[in-house]
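Shared between the two complexes below is subunit A, which has subunit B as its partner in the first and subunit C in the second.
== the complex of A and B ==
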């Protein structure tokens, strides 16, 4: 096929539009100057980021929250997808899509209102646990969507064959269906982790004093003005999640 | 004869239709029994009721004398060979065959698996995955996976329909040979009359959820009890109230004597089929009749006035 130069230029242009800001951010994270004028290569901002206890503590918080939320939402979401696959329910499937399209600010406000109502009966306060619960609730929909797409490629007679050969319902799921959907489940977990780690709007509404996450701290620093420490930490996040996306895509096509 | 499987007035009703209606039958141990019928006649549903994937609305299913209709599929000692084989794609041939044995935590796994793999001639292919096998080989893995469990009844749901026609005849012969060797009772579902006639000790013909007739292949073909059975198994010429098979008819230029039945007719067209010739004719009352004659015999030209004759014993009569 003949290559059209115009198409190639358009493709490069679109790609730059998407990724040039990330590229510039990464380049300036290695700048020895505080300002957006290149002065020379330096790792000082990375060193500063690691020394900043507020940043490291919030990064640990974010990792704990994302890990717990991912584990719980992957298990619940996979079971939910399995249930919807075995017995389709339009209202239930629809409600999952609803939670995907609900603006985050609405989800955040509703969760906050819900927690405060609950707190009237229970002696609890906003904190890490409320953030984790919030993250689980919005990650489940992502998990269900990814896992059910994978389940739709699975031949339903395989489970019948397993039952027929003497496996009970749990063994049929464990030894036949789960291996078939495992790449989808892992991809769903990676997506849930990303969505949870990244969330700012909902988290900032339901977080307590002890549960500041990395996006909240970055947001606070960035509001005070340009700070190359933020560039450095952002570049690290891009590299980390970039590799997760690559792994996830590999698994999804497996 | 020892009865291994018994269906007593089994029905399966869905809100929209009655898939199976009052089916009763007995299978003797070691028998090759086929359920034959057009698609949608309820034969596959009957099989699924025996396997335990569906529960009957009415009636009783007995295996070795005890009711099983409320048991889960994994609590019944029957096993199914699925139409699409339903092999586990992530497991090797050996793991597919061992799957059932592992669930039952049996011992002697190695010996039994090796014997069955030899029986279905898959030795040397144990570590392949289903995707790396031919259609015939997949069919044999599905068979081995069920046979290794030594079920009381092996249920086969159109297992040959996914194979190409050349392979089908060969696999049919292998299937019959395997059944003879292992002595397991086979309940075989098919819509292919030739398959049913050539494989079965006995067969049942189903139509619209009913079992219309049970009998040996000869009985079913030569003494069909309903018009449906007569026309589903082979072609029939309807002459008034009686049916005559095309191969039971003869064509002559003179009216026949000797107590034969005879009708005047006109030749319409001859079709050469290799092993025989099909002659389309029109009877004097305008009804069509097909006669199957030998290609070595006389030839007839279109428009020729002839007489069709047949033996009274070859007439199929229905009330």
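== the complex of A and C ==
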């Protein structure tokens, strides 16, 4: 291919465009100055981030919410994907697909309206539970899609063989198909965790006073302007999610 | 399997009905009701919220959303196509390059948007650098305009175009290009008359995957547009918080959903394939 050198140069530029902003942001999280001029290496913004109780409390909230939502949506989504594997259900698949393409702001305000309506009958308020339910709801479709993709690579006759050899339906799922799709299930869980941990738009609408999440705190600071403490947290998030995705890729290709 | 299947689907059905379909049904109902004196919802049933949408103020917001989403989609395709072409020809390094494209997508969308605030603001890296170099004397207004919003959206959704474009380019029959070359086509002609027409499904899929989230974007216009570049998403959020006009906010949401669904059906009919 004659065009390859030009294409390769272009690709380098495109990769720089994709990665340089996050790299620069991370580098400047180690800057000792508050301003965007490099003055020397320092960990002061990381120290400031750890001392900030609002940040640490919201980070703990985010971890709790993402962990619970991931566990529930992974289990339910995997079962659902398995149920849809050999015979799909158009209404369910269509609804899940619709939930994926629904703009987050619409999902958020409709959940808010729904909760407020329910609260007329129940004595509850917005809080961690409403956030967790919202996160389960929007992450389940991601899990179903990832697990179904993995199921499509599985040989369905293996399960039939297990049934012929006397396994019941649950045993065939538990001991034959589930082990085969496990890497896909783990990858789905990581994806669910990422989308849950990162969500701002839906969460901010359905969160109560006691359930502020890390993205909500970052957003509030970012709206006031740039703050090196946010650079430090951002760098941690980039590194954390970066390692998660590398692990997930390893598992997916396993 | 047949006996267990219902049990496997039941929990997800429950979640989808109670936490997705029922909430949508509620805002559908609200959109036909009237705003109460203190911001609540009251009777009578009316079409007023939908009629208000034709107000020039709201039509302008709708138009801006289409314009910003359209420009972002076009830029994503333009920037993504050569990158996808490069990756599809990269031999055994393909997966590594695909990983490089997807990596920023996996890190927080909020952090990626914040990174551009850090680079573009008045005392940000770009302005500081340009001033140090003596290129400019006062900071350029890079942030808080439509351009910054489009940049943020392109940065956020570029991976969404590269993946489907790569998928079609990968499957492209390379012998067709050899045939074109044998018949005397210059590389550019082969690109314009063979490669691009044959990657139409990937272009369509990439366009829709970017246009839909851009049209309903909330976070990017809010942070990078600074409230000056209001899009549909911000209008909806405002009606549910500050303005406390839930019927109108519901009506705008449903119009947005309707646009999204029309776009999806238009694409799905052409492709005849579904994600699930």
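Note that in this section the second predicted complex is superposed on the first by the 249 of 254 C-alpha atoms of A that agree within 3 Å, B and C clash if a C-alpha of one lies under 4 Å from a C-alpha of the other, contacts with A are read in each partner's own complex, and residues count from 1 in each chain.
Just so we're on the same page, a contact is a pair of C-beta atoms (placed from the backbone, for glycine too) under 8 Å apart; a residue touches a chain by one contact, two chains touch by 3 or more.
Note that this is a predicted model, so its numbers are computed, not measured.
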{"item": "Three-chain arrangement built on subunit A, subunit B and subunit C clash or fit", "value": "fit"}
{"item": "Subunit B versus subunit C as contact partner of A:165, first or second or both or neither", "value": "first"}
{"item": "First (subunit B), second (subunit C), both or neither touched by A:5", "value": "neither"}
{"item": "First, second, both or neither for A:194, with subunit B first and subunit C second", "value": "second"}
{"item": "Which superposed partner A:179 touches (first subunit B, second subunit C, both, neither)", "value": "first"}
{"item": "First, second, both or neither for A:230, with subunit B first and subunit C second", "value": "second"}
{"item": "Subunit A residues touched by each partner, larger count belonging to subunit B or subunit C", "value": "C"}
{"item": "First, second, both or neither for A:40, with subunit B first and subunit C second", "value": "neither"}
{"item": "Contacts of A:222 with subunit B and subunit C, given as first, second, both or neither", "value": "second"}
{"item": "After fitting on chain A: smallest Cα gap, subunit B-subunit C, Å", "value": "11"}
{"item": "Overlapping contact positions on subunit A, where the subunit C interface meets the subunit B interface", "value": "none"}
{"item": "For the subunit A and subunit B complex, residues of the former touching the latter", "value": "155, 157-158, 160-168, 171, 175-176, 179-180"}
{"item": "Residues on subunit C engaged by subunit A in the complex (per definition of touch)", "value": "1, 3-9, 11-13, 15-16, 19-24, 26-27, 30, 79, 82-83, 85-87, 89, 95, 97, 99-104, 106-119, 121, 123-125, 128, 155, 158-159, 187, 212-213, 215-219, 222-223, 233, 236-237, 240, 246, 249-250, 253, 256-257, 260-261, 264, 274-276"}
{"item": "Parts of subunit A lying in touch with subunit C, wherever the complex brings them together", "value": "1-4, 7-8, 10-11, 14-15, 17-19, 21-22, 24-25, 28, 35-37, 76-77, 79-80, 82-84, 86-89, 92-107, 109-114, 117, 133-134, 136-137, 140, 144-145, 148, 159, 169-170, 172-173, 194, 197-198, 200-201, 205, 215, 218-219, 222-223, 225-226, 230-231, 234, 237-238, 241-242, 244-245, 249, 253"}
{"item": "Touching residues on subunit B, where the partner in the complex is subunit A", "value": "51-53, 72-74, 79-80, 82, 84, 86-90, 99-100, 103-104, 145-146, 149"}
